[in-house]
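Heads up, there are several structures right after this.
What follows is chain A paired twice: with chain B in the first complex and chain C in the second.
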Partner chain A sequence: MGSGHAHRLYRHGHSPVHRLPAHTKIAAVLAFVLTVVATPREAVWAFGAYALLLAAVAALSRVPARHLLTRMLIEVPFVAFAVLMPFVAEGPRVEALGMSLSESGLWGAWNVLAKGTLGVAASVLLASTTELREILLGLQRLRMPPLLVQIASFMLRYGDVITDEMRRMRLARLSRGFTARGVRQWGVLAKTAGALFIRAYERGERVHLAMLSRGYTGTMPATDETAATRAQWTSAAALPLAALAVCLMGWWTL
Partner chain B sequence: MVDTVTAADPRTDPRDEPAAPPSLEVRGLAYAYPDGHQALFGVDLTVARGERVALLGPNGAGKTTLVLHLNGILTGGAGSVTVAGLRVDPADRGALAEIRRRVGVVFQDPDDQLFMPTVREDVAFGPANAGLRGAELAARVHEALALVGMEEYADRPPHHLSFGQRRRVAVATVLAMRPEILVLDEPSSNLDPASRRELADILRSLDVTVLMVTHDLPYALELCPRSVVLSEGVIAADGPTRDLLCDEALMRAHRLELPFGFDPRSVTLPHA
Partner chain C sequence: MHVPDGFLNAPVSVATGAVAAAAVAVSLRGARRELAGTAAYHGAERTAPLAGLVAAFVFAVQMLNFPVGAGTSGHLMGGALAAILVGPYTGVLALSVVLLMQALLFADGGLTALGTNITLIGIVTVVVSYAVFRALVRVLPRRRGSVTAAAFVSALLSVPAAAAVFTGLYALGGTAEVPLGKVLTAMLGVHTLIGVGEALITTATVGAVLAVRPDLVYAARGLARPLVLRSGPVATPGSGPAPRATAATSTDSAAGPAPAPAPAARPASARKVWAGGLAATLLCAGVVSFYASAAPDGLEKVAGEYGISSQEEEHGLADSPLADYGVASIADERLSGGLAGLIGVGTTLAAGAGVLVAVRRRGNAGAAGAPAAEGSGGRAENAEDGAGRTPAGSA
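Let's look at the complex of A and B:
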């Protein structure tokens, strides 16, 4: 299996951004996104400033722009909705490119597009500089409910195992001359999905037995005692604090 | 039919620990699943400290059911299980935690056993549940990984390891709890010959009582001086492994078969 699909986002490195404890980075990204969302959409320059801030962090992390930009494509399906807004929204209309567009719709589309893109960029940057495992530990340190962290950890651990099982089932189908050509083959695919679900469910039961055998009593032992220093928190806070300054300026110049 | 023998282990001198209770004592254990299927019909089995015993038997003989009784995951039937003097009692939660520390079960599929994101965290899971923290926990993890020769893989995710390596880490996860008895479910399954031999070397080097559930009769002969045959929910035979494997009538009666060309009389036993 090699490196699984779960780790494609992460890019190994030793930059100052990589070295920050995960929970400080998560808190910083969350604060940054909230600040961006709180910015008035008419303060167009502010969004440019946010983009510059992110670019500065990206440069500091030494993650290539190409790596970040290709991963930001995940946003595209969500942007489709924003593109529709100028056509369907109500209110005064403006003429552009020979089409009649709604003014409020254009602002709405810009709002969704700008804020969404910045949020995605910040998240991709976090994921590129922090291993998934670290992100989960970070969430745990930020007091995310342990049950949710456990569920996510198990997804991380067993994602590859189940993908592998799915691949073997596909090979077994192909080896016996099956090709999915149309609706008539959906029944087979549905049964495969069902079988995969049952196998995963049974594996869950076996894993639970293995956990009980090693003294599991319903809570994961807290073995992680990493704490962030004041300096680390300060470095992580640089991004959201700068963003907050931009945001306040945005409201002030309105 | 071979009668019960009290297999004196060559490695432990009885004068050292005159009153050491047996690692495992099962008395009259019977169990029926909630759906009415009865798997065990009165199992009696004693494993002395330091012994390595193979538990042989055909599919459906109740081997897994027996294993799940040893650490109190299944309870509620008749009979008793005692681990180094401590009786498995589902009502006593503290004792149950201690039982699960004493009985280290290595399950057949290492992907079931290794559920944490990294090898280190997985090996730490058991001792951390037992309350170990900090440097003590790190030392315990290192010790267990060193016993199976996997120290340098501590920070790897389990799915990046080969199957043989995962099996060895699975053994380490229970060794980290310093068990009284190691219970292995089909330890040689899916292993290539080299991994199989490496695991055998590791198991022989450990100073721990071993109960090994297996269909792999040559492996049982290689590692375990004594074997018991579980068939239809009872212990059908108990004796030196070579004697059992050479008893053709017994083997046939319990659907046990040696691999083609394997003659247990012709091999030199490492522990003989």
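Let's look at the complex of A and C:
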């Protein structure tokens, strides 16, 4: 939302979760989150079970809880939205704490909070235990189009360069006594954005030419083609399978 | 604006995921053509580095904070900017990659909502802004001000359009019984305001790029006139002077329009900017209020159909409450939709006037210092004193 993405999530480690091939982890997290979203919101206990499952994985990965919890703060804007829901939604009202709240709005808020938090927690856990490069390789092994993987890898490789370029422009503005206070300064900032685009695009042209001169023909050579073993797939599938069991139980008890 | 997990139900998330995948597949083909550049010898291998760097730019520019005042600040979403600068296909690709990386590496936006986020932020904003931009550029006269106005309107419309599509998705697969009319009105109102900010930044950024590298602005390609060598009246076939002499006369300021886009909008064109801005504002007010009044009917219809078709299993989406909201609040919606439009127009006018006043003040100071230095474009019109010093024959 409003804040930038200043810090990367990855945390180096040697746990079993770290060692799993990236594509099995991505597939597992995706299946897990889909299962969570498909769970009926009335089955409150199921979300507790999901949280326990994630906590177990986090314990296995030996990523400190503080690391995970602070990274989950990215969700905060939606908490605000969820808090508003009981007030604006319609339907039967309930009296609580002296306020008239909508019953469906309360359920909706609970739904967004529970599923959103679990989704963010799962994503943070994935990003904390998998390197950037590995995630890209994993996406490629999951049959994402190679061109898209290449674009993403170029973005990651040069993202810091472009961000640094922007930081230098900011220093240059500051050293000339510029402070952005309001809308009046947007012209200067927009010129910064325009200059940044030109620099990024021209850098892309130079990168392309440099790669051409080194024999680039549009595809990247595949350096490691290690497929995941059956045991690795099984251990990665443990999380979504357990979640699926919980989900089915949730529908059953409804 | 990133939608988290659990906001929309599973079927809608999967459906928008399919839409996003299809759009990205189409864009992967289209981007090769867009990024091939002017040189014919460049092949498809140009796509990855350039689209990747554009994605890095979008990623970085989203971190550029634009202060609004009172300690708050906003940032670009970048859909309209990417569409205008690099074209719709590359724009969709760049934004999709940025959203994918944000979801996977920074846990911003849910994984199951990735398709929804790509559809809303990547596809809807890019397609709407590019279509509006091209249509406006085709209709308006071929001038620099037209490009500015088209950039403004297209960026302004792209944000409420995404909000409207979000409301539609929420009607299909929302997880709380929020009255749709209210949601739509609130979303459109808020996002029209956000769109004004997006439009101001996008317009200024496109202007900055146009001033330096007009060939890089994809959507405005073909608008810049090719440079022409003018021969003066001296160059009669009989006298046959040297070509250098005729070239020297081509700087004659009365000869006509500037050969290349002028480096910056001087106060001379303030009146045109005014007229263009006003026309753009009225146009978008009309279109926005059209959205506000037309969309609920379609939404109600779709939601009603959905509710009817799944009446048996879905209690929450039974058709009666939705139909009730629609009938009961339509008049109110129109009213409040129009109100939102009026607020948007008022804010646009106020903001535009503020910017113009600032530009003119600075322009006056510059013109007092070096009145003749900037006049190389040959435009003699001078709107400095309004009625005072406007020379005849140039308006």
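In this text, the second predicted complex is superposed on the first by the 247 of 254 C-alpha atoms of A that agree within 3 Å, B and C clash if a C-alpha of one lies under 4 Å from a C-alpha of the other, contacts with A are read in each partner's own complex, and residues count from 1 in each chain.
Here, contacts are C-beta pairs under 8 Å (C-beta built on N, C-alpha and C of every residue); 3 or more make two chains touch, one makes a residue touch a chain.
Just so you know, these numbers come straight off a predicted model, no measurement behind them.
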Overlay on chain A: chain C relative to chain B, clash or fit: fit
Touching partner for A:Gly215 - first (chain B), second (chain C), both, neither: first
First (chain B), second (chain C), both or neither touched by A:Glu75: second
Which superposed partner A:Met155 touches (first chain B, second chain C, both, neither): second
Touching partner for A:Ala122 - first (chain B), second (chain C), both, neither: second
Which superposed partner A:Ala172 touches (first chain B, second chain C, both, neither): neither
Per-residue contact with chain A, leading partner among chain C and chain B: C
Partner chain(s) touched by A:Arg184 [first = chain B, second = chain C, both, neither]: second
First (chain B), second (chain C), both or neither touched by A:Val44: neither
Contacts of A:Ala59 with chain B and chain C, given as first, second, both or neither: neither
Contacts of A:Arg133 with chain B and chain C, given as first, second, both or neither: first
Smallest separation in angstrom, by C-alpha atoms, between chain B and chain C in the superposition: 8
Chain B and chain C contact sites that coincide on chain A, given as residue numbers: 1-2, 4, 153-154, 156-158, 161, 203, 207, 211-212, 216-217
Chain C residues touching chain A - in the complex, by the definition given at the top: 1-2, 4-7, 9-10, 13, 24-25, 28, 43-57, 59-69, 73-76, 81, 85-86, 93-94, 96-98, 100-108, 110-113, 174-179, 182, 200-201, 203-209, 211-213, 216, 316, 321, 325, 351, 354-355, 358-359
Footprint of chain C on chain A - complex, ascending: 1-2, 4-5, 8-9, 26, 29-30, 33-34, 36-38, 41, 71-72, 74-75, 78, 85, 88-91, 102, 104-105, 107-109, 111-112, 114-116, 118-120, 122-124, 126-127, 132, 135, 145, 147-148, 150-159, 161-163, 165-166, 180-187, 189-198, 200-201, 203-205, 207-208, 211-212, 216-218
Residues of chain B defined as touching chain A within the complex: 68, 71, 73, 97, 100-101, 103-105, 107, 109, 111-113, 115-118, 121, 124-126, 128-130, 133-134, 137, 157-160, 173-174, 177
Chain B-touching residues of chain A, taken from the complex the two chains share: 1-4, 133, 136, 153-154, 156-158, 160-161, 203, 206-207, 209-217, 221, 223, 225
